[in-house]
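Below, subunit A partners subunit B and then partners subunit C, in two separate complexes.
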Partner chain A sequence: MPTTVPTPQPVPPLLQIEDLHVEFDTPDGTVEAVAGVGFSVGAQETVAVVGESGSGKTVTALAVLQLLDGGRISRGRVLWDGTDLTGLDRRALRRIRGNEIAMIFQDPMTSLDPLYTVGHQIVEGLRLHRRIDKRAARGRASSCWSRSHARPAPQARRYPHQLSGGQRQRVMIAIALACSPRLLIADEPTTALDVTIEAQILELLRELQAEYRSAMLLVTHDMGVVAETADRVVVFYAGQVVEQGPTAEVLRDPQHPYTAALLAAVPSGETDRAEPLAAIPGVVPPLRAMPSGCRFHTRCARAWDDCARDEPPLLPLPGGRSARCLLHRSGTALQAAAVKGA
Partner chain B sequence: MVEYVVRRGLYGVLVVALVTVFVFLTLRLIPGDVVRLQLADAPGVSPEQIAQRAAQLGLDQPLLAQLWRFLANAATGDFGTSFQSGEPVTALIAERLPTTLQLGVMALAVSVVLGVPLGLLSAVRQNSWLDQGLRVVSVAGLSIPNFWLGLLLVTYLALWFSWSPPLVYRTPAEDLGSNLVHMALPAIALGVAGMAAIARMLRSSMLEVLRSPFIRTVRPGAPERTVLVTHAVRNSLVPVFSLIGLQVGHILGGTVILESIFAIPGMGMLIFESVQLRDYPVVLGCVVVYGAVFILVNLVVDVLYGVIDPRIRYA
Partner chain C sequence: MSEIAVPIATPRPGGNRRALRLLRRQPLGVVAGVVVVLLVVAAALAPVIAPFDPTAQHRADFLQIPGGPFLMGTDDLGRDIFSRVLYGARTSLLVAVCTLAVGGVLGVAIGVVSGYFAGGWVDTLLQRVMDTLMAIPGIVLLLFVAALLGPSIRNTVIALSLLVVPSFNRVARGEMLRIREELYVESARAAGCSTWRILRRHGLPNLLAPILVVTSLMFAIVIIAESALSFLGIGTPPPTPSWGAMLSDGSRYMEIAPWMVVFPGGALTVAVLAFNLLGDALRDVFDPKQSR
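And then the complex of A and B:
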């Protein structure tokens, strides 16, 4: 009897965002903060989303969890394990949020309820998702806690205002990881912290991510953080993905002039202190006055006539990369390698 | 903590003493003389008789001497005797204080029991017709003077429902039903402003809390009820709490006129009558008690504050 050997199916990514559009109603009309974003996060993978303020990175992260305050997803899908989160009701969402997908926010100073002890807040999150009694929850919380913190538990009886920013972010991480989520969304988790604490928190996130086998979606504007933590990087500009690919390659050989300009703006040890820091000329265009064609062309050193007219698609490139730039359009005389000179 | 309460208590005594001095001096500025008021009707009163009566009441002494004597006696718990009836002021107050406390508690209950749910509803259903309507009601409630509201209530209830409160006051011991019906209207009239203030403040504090990052931390995984009850409501009640303490002041002040309008024999009415008769010791005794109640309530509020909010430290 012939047996049919199952053909190996490509493993679908854990999280897949497809053509996501997010709109906000403002007194002056509707603006689109995210305009057709698509990328994916695989199991146990770390993906960094980078971009300037207002590029739509945080909105995208919040949209994944259906946590948009005042905004709405006007188009697109957010597939979690094959299920579209945009169509789920609150009940179904609750089973996923905080449980399978956890989120760490930017500001640890205000992200904890000031009226409850931090231990209580870790236990609370756990008990919402696991049918366990208080004691078991406490035990689990204290193990999460001790793993997220250099010193063990007496701190659990403290209130948030008694802890430093770094300690509070550790509490946030403990809350997020208490349910062993499969995906951790960290929205600028270190922006509010000073540099030494930042390094510790990033190290901690990396360790715990490996231990809990979670994937991580890291939202940041810090290229240094990207280089240290991410497997892949997704570069946002003005509500769109302009480039994505494996971190090392993107950082070494950016395929979009915006990425190249961002990297050039990072000061290094060799940066001449007498010289002014490199910056991208101009500002991110306001949402209601997007330039025609390529959204970056007004600030792009390599723009030519076509850029103001043709909106470039996200063009696939070799090595699992892609870039939204006309330089890569087939038939364009300019070579991709030339991007770096931008 | 104990040290804090003791210190606040001492400050409170000082404040009451200062208020007493202020009221003592202000009373003497009111035109009209207690001796003339008492003897005016008697025909052919001689200047000697007037002087004799004044001496009886201790009014022949220099003003500061009178003040000093009052304060010294008050410190021992003796507020003197009524110029009018000759009864000890403490006895008069003891007789009437429970009635006023009952009215005050009822008014405060109206403020809190209506104000808190209204404020929360307003915030949770922000910009709904309910919210808009409540905002109008709040502004109206804050703007309408309590005595006028009391008069309106009586008038329109009588006009539309041919109903009016009992004419004769009964103590709760005599007839609880009649007593509560009698007290209901003044309690509502006194409590509406507090209700409006609490609803407005709670609405804005709840909206602020709902937008704060820590709500975003719990909201993803928690049922909306848990988010609202355990986190949002508790946090937004913190600022409202001190407002409740301050409302006690408004309510105490309001009792003076409302007890008079509704013929409730409490301390408010006693103050009202005593001021008219220039019965200085009674007015002063009542003022001391009102001041002490207000300070005490706010001390309790401040202590409870620390129970609700761990960030509060007593220093």
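And then the complex of A and C:
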């Protein structure tokens, strides 16, 4: 097979994460929650990061904004528009946070300060980054507000406890977009909401993202959300990227057994109700007891002897894709087929 | 149906209804609050209410029993006890307010910073100092400072401030530890707020309720402590009227002139009880989960 450039992009990406390692000190020693993650987000592109709980998705998202509490980046770079965010001082970081890169958290119930009205909280974010007076800020806030389809004026005077979860998430989105950030990081924005609201919020995010022309890094564990929203998908497993590529192709034809297993676990209309739901055997290995070789081999249906010995690199594949699996190592295809047949 | 863009004032429950509900739920607290207000008014208007100068000695009328022009009798030097009790409230409240202002601000500041940076060297340093302060018995600390600096209202305030700082610190630090983990603090950081701004805008306002409760309870402790210091002669120096000093003077005449101790002692008891009950009520109102 011809080897093409891994990610064919005409312009340098907005955000580029390179070989990111994040460590946490625990009473039992240091653990590495993120082990060499690398991917990029282009301007106005939506990239979804999927993976199980504890796979390092959220830690990676927080590492972009240097918001790791208790953790530290031990290696790697986070390039924002060519600047390495890991080397910036606090003042420079504050100018980027909320202004160029905004973040939405998982739980809208506690993301708002209970002591201030929601309208005030939108204005506060704006005034932090823009030299505008209160009146101008209010005007801008109310336009963000009405665009986020939350009910207008009367609701802006409400306190967070007076709003429903969906309404609060709309407020969070309005706050995040108030400064027209170039990148929006949404960390499982719909996990705490029920399914009908989830669809509305995702729709809203897509709409506003197009309107504000910002890129989005969407952290989720829901394949359905990925399919609906993302241009590209990055699959995480145990602190590593195991596969990445354009969403449609990855979902149609996964190149890593883990992605394939994840997709197989999603029930469809054709799923036989009498059959038990497909699941991946075993659990994610604990951070301090990673298996040797491929981190997934203990749970992989297609693993063979080599997998326990050789750690696979992220191998470039055609079509701007890549996968971290020995199946794609040149010369193993036959062997893999043999294993499959056995 | 179009959406109404006109701001609508959120209806608030009427003031009277709220007051009634509070009275039904916290009858003791409301009574205590009224007593505290009366105390403050009495202290503030002491020069107007008091029939005599509290330091004027009516030599001909010493140890008069209550009644006549001397509502609560006179002491051994012929001073009007009613006037002295009123002015004593002034001293007590003045010392308490100053102490809580100094000690409270200091304690809360230390606690908030410590709680936000919990686990760091700043926290460790500050908390070890607080531990040391707490390890010294209150009365020993007070005696030491008072003896070192000499008796005066200012020095009493300094001594008592040292006594209350750890209490405020403990509550503020605990609350800050909780607030620090709140998602709205992380959101604020992600929005580009500085640490100082987070502490000021999101930290402090969110811990005011428990601090208010502690303040009320500390009022009672400080009033007692001030009286104790004055009783021992190392607090408010004479002739400034102070309940503790009056008790001390009166103890020598207990058999022949019990009114010399009954009135200042009663005032002290009522004041302390009122502040304690108010504190309890405030705690129940702010945090229904903690009420017994």
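Some observations on this one:
By our rule, the second predicted complex is superposed on the first by the 322 of 342 C-alpha atoms of A that agree within 3 Å, B and C clash if a C-alpha of one lies under 4 Å from a C-alpha of the other, contacts with A are read in each partner's own complex, and residues count from 1 in each chain.
As a convention for this text, a residue touches a chain if its C-beta (ideal position, glycine included) is under 8 Å from a C-beta of that chain, and two chains touch if they have at least 3 such contacts.
Values in this document were obtained by computation on a predicted structure and should not be read as measured data.
Superposition note: with subunit A as the common reference, subunit B and subunit C are in steric clash. Of the two partner chains, neither subunit B nor subunit C is touched by A:R288.
In the superposition on chain A, A:R252 makes contact with neither subunit B nor subunit C.
In the superposition on chain A, A:H161 makes contact with subunit B only, not with subunit C.
In the superposed model, A:I175 makes contact with both subunit B and subunit C.
In the superposition on chain A, A:G125 makes contact with both subunit B and subunit C.
Subunit A residues in contact with subunit B (one complex) as well as with subunit C (other complex) are 65, 67, 69, 90, 93-94, 97-99, 103, 105, 107, 110-115, 124-125, 128-129, 172, 175.
Residues of subunit B that touch subunit A in their complex: 211-214, 216-224, 226, 230-231, 234-235, 238, 308-311. Contact residues on subunit A toward subunit B in their complex (touch as defined above): 65, 67, 69, 90, 93-94, 97-99, 103, 105, 107, 110-115, 121, 124-125, 128-129, 159, 161, 172, 175. Residues 3-8, 10, 182-184, 186-194, 201-202, 205-206 of subunit C are the ones touching subunit A in the complex.
Here subunit A touches subunit C in the complex through residues 65, 67, 69, 90, 93-99, 102-103, 105, 107, 110-115, 124-125, 128-129, 151-154, 157-158, 172, 175, going by the rule given at the top.
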